[in-house]
Amino acid sequence: MKDIKLFRDMRKGWAILAIGLLLSLLAPLAWAQAAVAAPPLVMHKGDVAWMLTSTLLVLMMTVPGLALFYGGLLRSKNVLSMLMQVMTVFSMIVVLWVIYGYTLAFNGGNAFIGNFDKLFLKGITKDSLAATFSAGVGLPEYVFVMFQATFAGITCALIVGALAERVRFRAVLAFTALWFTFAYLPIAHMVWYGPSGFMFARGVLDFAGGTVVHINAGIAGLVGAYMLGPRLGLGRESMKPHSVTFTMIGASLLWVGWFGFNAGSNLEANGGAGLAFINTMVATAAAVLSWLAVEAITKGKPSMVGGASGAVAGLVAITPACGTVGPMGAIAIGALASAACVWGVTGLKKILKADDALDVFGVHGVGGILGAILTGVFSAPILGGTGFGAGITTMAQQVGVQALGVGITLAWSGGVSLLAYFIVKQVFGLRVSAEAEREGLDISSHGESAYEA
Amino acid sequence: MKDIKLFRDMRKGWAILAIGLLLSLLAPLAWAQAAVAAPPLVMHKGDVAWMLTSTLLVLMMTVPGLALFYGGLLRSKNVLSMLMQVMTVFSMIVVLWVIYGYTLAFNGGNAFIGNFDKLFLKGITKDSLAATFSAGVGLPEYVFVMFQATFAGITCALIVGALAERVRFRAVLAFTALWFTFAYLPIAHMVWYGPSGFMFARGVLDFAGGTVVHINAGIAGLVGAYMLGPRLGLGRESMKPHSVTFTMIGASLLWVGWFGFNAGSNLEANGGAGLAFINTMVATAAAVLSWLAVEAITKGKPSMVGGASGAVAGLVAITPACGTVGPMGAIAIGALASAACVWGVTGLKKILKADDALDVFGVHGVGGILGAILTGVFSAPILGGTGFGAGITTMAQQVGVQALGVGITLAWSGGVSLLAYFIVKQVFGLRVSAEAEREGLDISSHGESAYEA
Amino acid sequence: MKDIKLFRDMRKGWAILAIGLLLSLLAPLAWAQAAVAAPPLVMHKGDVAWMLTSTLLVLMMTVPGLALFYGGLLRSKNVLSMLMQVMTVFSMIVVLWVIYGYTLAFNGGNAFIGNFDKLFLKGITKDSLAATFSAGVGLPEYVFVMFQATFAGITCALIVGALAERVRFRAVLAFTALWFTFAYLPIAHMVWYGPSGFMFARGVLDFAGGTVVHINAGIAGLVGAYMLGPRLGLGRESMKPHSVTFTMIGASLLWVGWFGFNAGSNLEANGGAGLAFINTMVATAAAVLSWLAVEAITKGKPSMVGGASGAVAGLVAITPACGTVGPMGAIAIGALASAACVWGVTGLKKILKADDALDVFGVHGVGGILGAILTGVFSAPILGGTGFGAGITTMAQQVGVQALGVGITLAWSGGVSLLAYFIVKQVFGLRVSAEAEREGLDISSHGESAYEA
Amino acid sequence: MKLISCIIRPYKLDEVREALTQVGVSGLTVSEVRGFGRQKGHTELYRGAEYTVDFLPKIKIEAVVPAELLDGALDAILQSARTGSVGDGKIFVSAVEQVIRIRTGDLDADAL
Amino acid sequence: MKLISCIIRPYKLDEVREALTQVGVSGLTVSEVRGFGRQKGHTELYRGAEYTVDFLPKIKIEAVVPAELLDGALDAILQSARTGSVGDGKIFVSAVEQVIRIRTGDLDADAL
Amino acid sequence: MKLISCIIRPYKLDEVREALTQVGVSGLTVSEVRGFGRQKGHTELYRGAEYTVDFLPKIKIEAVVPAELLDGALDAILQSARTGSVGDGKIFVSAVEQVIRIRTGDLDADAL
């Protein structure tokens, strides 16, 4: 849904697409020519203010947000390894992003991947503007580059939750670099790069990244959990969270930061951002209540880990929908997805038999899939939504397209993950030694311990 | 002080008020007619950017801010129950807010309560604008709805500090739902809904919610502390804070987030927000110093719990005043209120004999009352303020009106609280069993423990 | 680099400078006359939104950010003393700032210090505007006053890291008040107050405060470490961090908040802020990777304390540079400075033989100096920068000027520090008693302990 | 001299300490322990995982007393630590051969 | 009665507890301790500072058992706590002169 | 064999450990405890509430040694743990009947 080229270019782009995928390598050329005739973009300072804020909010979601949400759920001997992985993966992806990520995801190319024209951000200056969704409105391109960098960073960081307490540090970095290049960049291009992106062109609705971020990371985590095998002592030893307080802080910062993620994806500070904002708030609130209600009914006691998980489930599910559904639809999505995720981390988990340590698939995968499908439902004007994707007229059609998006993402990301884990396993090995795992990754991999009296 | 109807409506509304309270039910009709003639509102993206930010700041004040400030002060066996209560209450209120809260507080109605015209946010779209304080300037209504939702949410969450370490989880939720409906909504309407709100019409100055938020919650907490009775072992066993570090983090996030609360209440990003901002900063700084000075003098040692409490006391006290006093007045208010709150949590607490566990009344009640009164003093132009409420000319008059506002809030909220606690006590019971209390609410109510080695 | 006077004034100011330093006391007079003819400033709401956000971000950097970054690295018996010092110092400086700091730093005066015209913020109202870097664009002066207040506050708070675990609380406050007055204010005036400031006039580039904040605080900390002497048991007893998790949270919040510091220093929400933003992001990411790589190579294990330190080192180094270098230059600066700081906290630390407990000089001093010098290098257009300081044409010249800035700051701040510590030592004593140090400052100085089961 | 080692409920610590000082016990050492016995634990739930916690938080008090103080001390503990419900804890008594005060080198009874 | 005091690896706790209950030990008390012995520690690095950590996390179990249960209990511990690598820990046995159940005042064997 | 159990000041731990290894003690177990005795505690204040903290953080070292090492070990502790101010702590010595090394099943002196 994101388009950093001019609106006019987009229509020209459509014509080119018609000629077919085989000719797609010529697209950049055509675009370059078209750019000459485009009307000048105007920058609004209010948009800049909001997008700078949104970008730092997504950083805050990652460090410290996600790191704490994950870290608190682990045993204290592994907490630093999680904080390290999240911070280092994010840092690495940011650097890769400005080198080749941005240009491959968001610049020209074909239906599946961009080109290399902006390698090292070539040609971008502080005066460059990127188009927003409103004709004639531009955002400093550096800001757009950074906003998108944080999305790539957090997506890669999400994966590590599934690998927790046993993965080698260098394996995480190597896998992430591969997966970013061959899974994240193409999927982001396919979904968000208009008009040529493969899924974008088919009308897939994904306002802020349900497929690109959550399903994508969820399946990569699940595959990793299978490849690594379960943690030593799983089911026998207690693996209680060492600090539910940290987990709650993390969930709260995810909630707060997610407004940058969702309302920021509007790229402008206007009523559209307001819609994404209210949907994000109410879906999350409903999801918290829903998870707690399910727990209270099925287990007798609502829990803080449940409330925190519910918040994240709701945030995941509303992500693709927040720009196109109404607040009451958002409440429904939050409540339904949260209940589905309770199943994701219990029933489904038992079926899958993978030690997805922090339920990356159970929450991000399940919540993401349900969110994507329900986006197709609740975007219907009759249910308070603002309408379907370009060229789509019925709810059934939209749901079908959404399911296609889900399917492509699961297959592509799953396949790339499998291969990438395999390569990394051959080169470095995926797991630490049993002794190192017993001792805890903090000391064995990083030479530190988190706490001391 | 907040008005989401057009400025022109407001003047028409004044005429209607003159006819008297008995006719007030006709007001909505009159307003609807007036709306036709109103000049169109214009949205400014800079305002949207600031108000989106402000709204998420108030969320951050609540989770994780308030939750940590409170949770850190408790024993470790009860910390999760506090985090749960804060997060769940906030979530529940957000949902109730979009269902019936917003329309009852901020849409038409009479001097005491709004109407049901915007039930389920009926009629609001992403293009709807709500009026700000400047003629012709509008804010996306969804943003205003959300900004106000967070106020309602944090107010209800404040109360639970008084009930800590012994209250039943379901009792908290039931009480909060009742109190929100019958105390928060009417008071918010009376104070902020112009021109018809009962206190608004009388010129009560409450820029960001000293009465609506702090006095309101403070008295509800105090009544609850009486109804519940003291914690087991109070005065005999040690009830030392389990993590002053968390309390300090919470206080800091309250400080940071409060700029959304106070400067956000300006609804626009302009010099008025700048004034609210500087007042909030310097009052808090002065309050920190003042609490520490009092401690250093009276007890010999300034403490971190004191510094954190001082910050909150200053923030509470400057809340009603921040839009109408000058920076030097703000310093005075912060310093005075902080010293008063030291007394609130020591001398007054001994007099009241209630186990208001986290001093909700001692800080929010006392600080709120003093802040409300001092707003009447330091808003005087001669003391650097920007002037009195509409129709008020002398400091004495303003202080009188402020005292009236305080009195109405204490009486109304206190009465509703008493009734609501009583009902909840009959239906669910307010307290957990003695054994559950000894074991700690985390395990007995939520089946979790916060920390594990 | 900051100028709150009109652009036109600036040129008039240059003429005056030419007459020489001896006449500089007449400058305020000249400025006052010039002001009459200045074109009116226009406020943009988007700028206000961004600058309000930036200001609260710098507050968040300090509390809880810096407090946690520092506090986590200490033993648990001293963590509260650190949180206290950071919060209290910040509060005190904010109050001093509005009393006499702002006017002395940013109002008229000569090449070394401002005048007293705005004592107690005299004459500023919510309608006052301060000039930004763009002609004709103004920011509410209250917002500028607050933005700068947070800079002063965090700078003074940085120093305490060097004095940790042994300094008397009142000595910290007394020293800080002196140092703020006689070191911070003059240096800020010299560097940022255009056109008359001594270093500003010579073309020193310091976009967001590398000299004023980091070198300044770094040397003050180092001098303090010498004056205090080493902690009892240093090198014999374990002084392991009591919570690396808190340190990581602190570093993350520093990273997040630093965008307010750096991109906020642009004073407007435009492409210039975007440039500062992207530079801050990529330099930090590169610095994290760089520190970890050095650790992995030299010690075999990359650590979380290392990653957190790397982030801070990168942030420090990019601070002066972020407005004038390109993203690839920023990556280079981040990576180089981070590696230099590894040496700062190991090799150099051994040479200096001072117990700079939290490496204020090793990170802020070394990172700040390298950043200042490299700003001279990478601002060169040929290396992707936007150009040199006013009147400077070659890289060698710019590097020379930068070195001059570094030298003046080291000398001035070092000298003032020496004197101020000496005075405080005579009056209060700098260190607590050996017994109090053994017991921990939390209990001995503040009558509290941080944690309890 | 005898070592009295007793396991009690955490919230009883202050009462027991007072009772012991009353009868002349001049020093004691306390540690946080977890106990397993007749008193049943509880179940904790974290998402899909359910943990049965068999160990409950207890306090262990160790006090070395001269033989003549033993009976009084035992009585004091029994009085102050009892609630009557399962989980009140146990007292163990064993022999100590030698006591030294580190500060002074005082031996045995003098060292207490 | 005998006091069995054993130092084991933390992750063996549940196994040892089960083995002991199997042979009839009805209660025990556990504490977190740090041990120094043949098993080598590790090095930790914090910026410039390097700390050698000689003490490793261990669990201490204390169980008072009637003399007749002693051998069974020792066997149970040996079986369940052994991994065969350095650092498995030790068992110490000493005499207990008196046991009292606080709740009831029951003495000795009855108190266990 | 004898069990030496001593309560010391936390910051003395490393010194005492070194002194003990010097004289041939090959292993020991350490726990964090809180002590009450002649050394006075302090007062803590949290808003309106004042708590008197009578218990001070101490370290307990337990080392089982062959009888012939006992005197040397006691001396080592006395030398290394003493500061001369109140609160230096105590040493308690008691008898151990049996020692087993879990890893090997070695008994008594061989197990140490």
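A, B, C, D, E and F are the chain letters, set down in written order, and residue numbers restart from 1 in every chain.
Basically, contacts are C-beta pairs under 8 Å (C-beta built on N, C-alpha and C of every residue); 3 or more make two chains touch, one makes a residue touch a chain.
Since the model is a prediction, treat every value here as computed from it, not as a measurement.
Considering every other chain in turn, the ones in contact with both subunit E and subunit F prove to be C, D.
A rotation of 120 degrees, rounded to the nearest 5, superposes the Cα atoms of subunit B on subunit C. Interface repeat of A-D: among B-F, C-F or A-E, over half of the contact pairs recur, by residue number, only in B-F. Homomeric contact subunit D/subunit E is classed as different-residue, with under half of its interface positions used by both copies.
Subunit C and subunit E have Cα centroids lying 53 Å from one another.
Annotation: 35 Å between the Cα-based centres of subunit A and subunit C. With centres defined as mean CA coordinates, subunit F is found 18 Å away from subunit D. Chain contacts: subunit A has residues 44-47, 49-50, 53, 238, 240-241, 243, 249, 299, 301, 303, 305, 447-449, 453 touching two or more partner chains. Annotation for subunit D: residues touching 2 or more other chains are 31-32, 44-46, 94-95. Working note: touching chain pairs come out as A-B, A-C, A-D, A-E, B-C, B-D, B-F, C-E, C-F, D-E, D-F, E-F.
Partner subunit E is touched in their complex by these residues of subunit A: 233, 236-238, 438-439, 443-444, 447-449. Subunit D contributes residues 2, 6-8, 31-38, 54-55, 58, 60, 74, 77-78, 81-95 to its touches with subunit E in the complex. Contacts from subunit D toward subunit F in the complex involve residues 3, 17, 26-31, 64, 94-103, 105, 111-112. Residues 43-50, 52-53, 55-56, 59-60, 63-64, 67-68, 71, 79-80, 83-84, 87-88, 90-92, 94-95, 98, 120-121, 125-129, 140-143, 145-146, 149, 169, 243, 246, 249, 442, 445-453 of subunit A touch subunit C in their complex. Those residues of subunit F whose C-beta lies close enough to touch subunit C in the complex are 11, 14, 42-46, 53.
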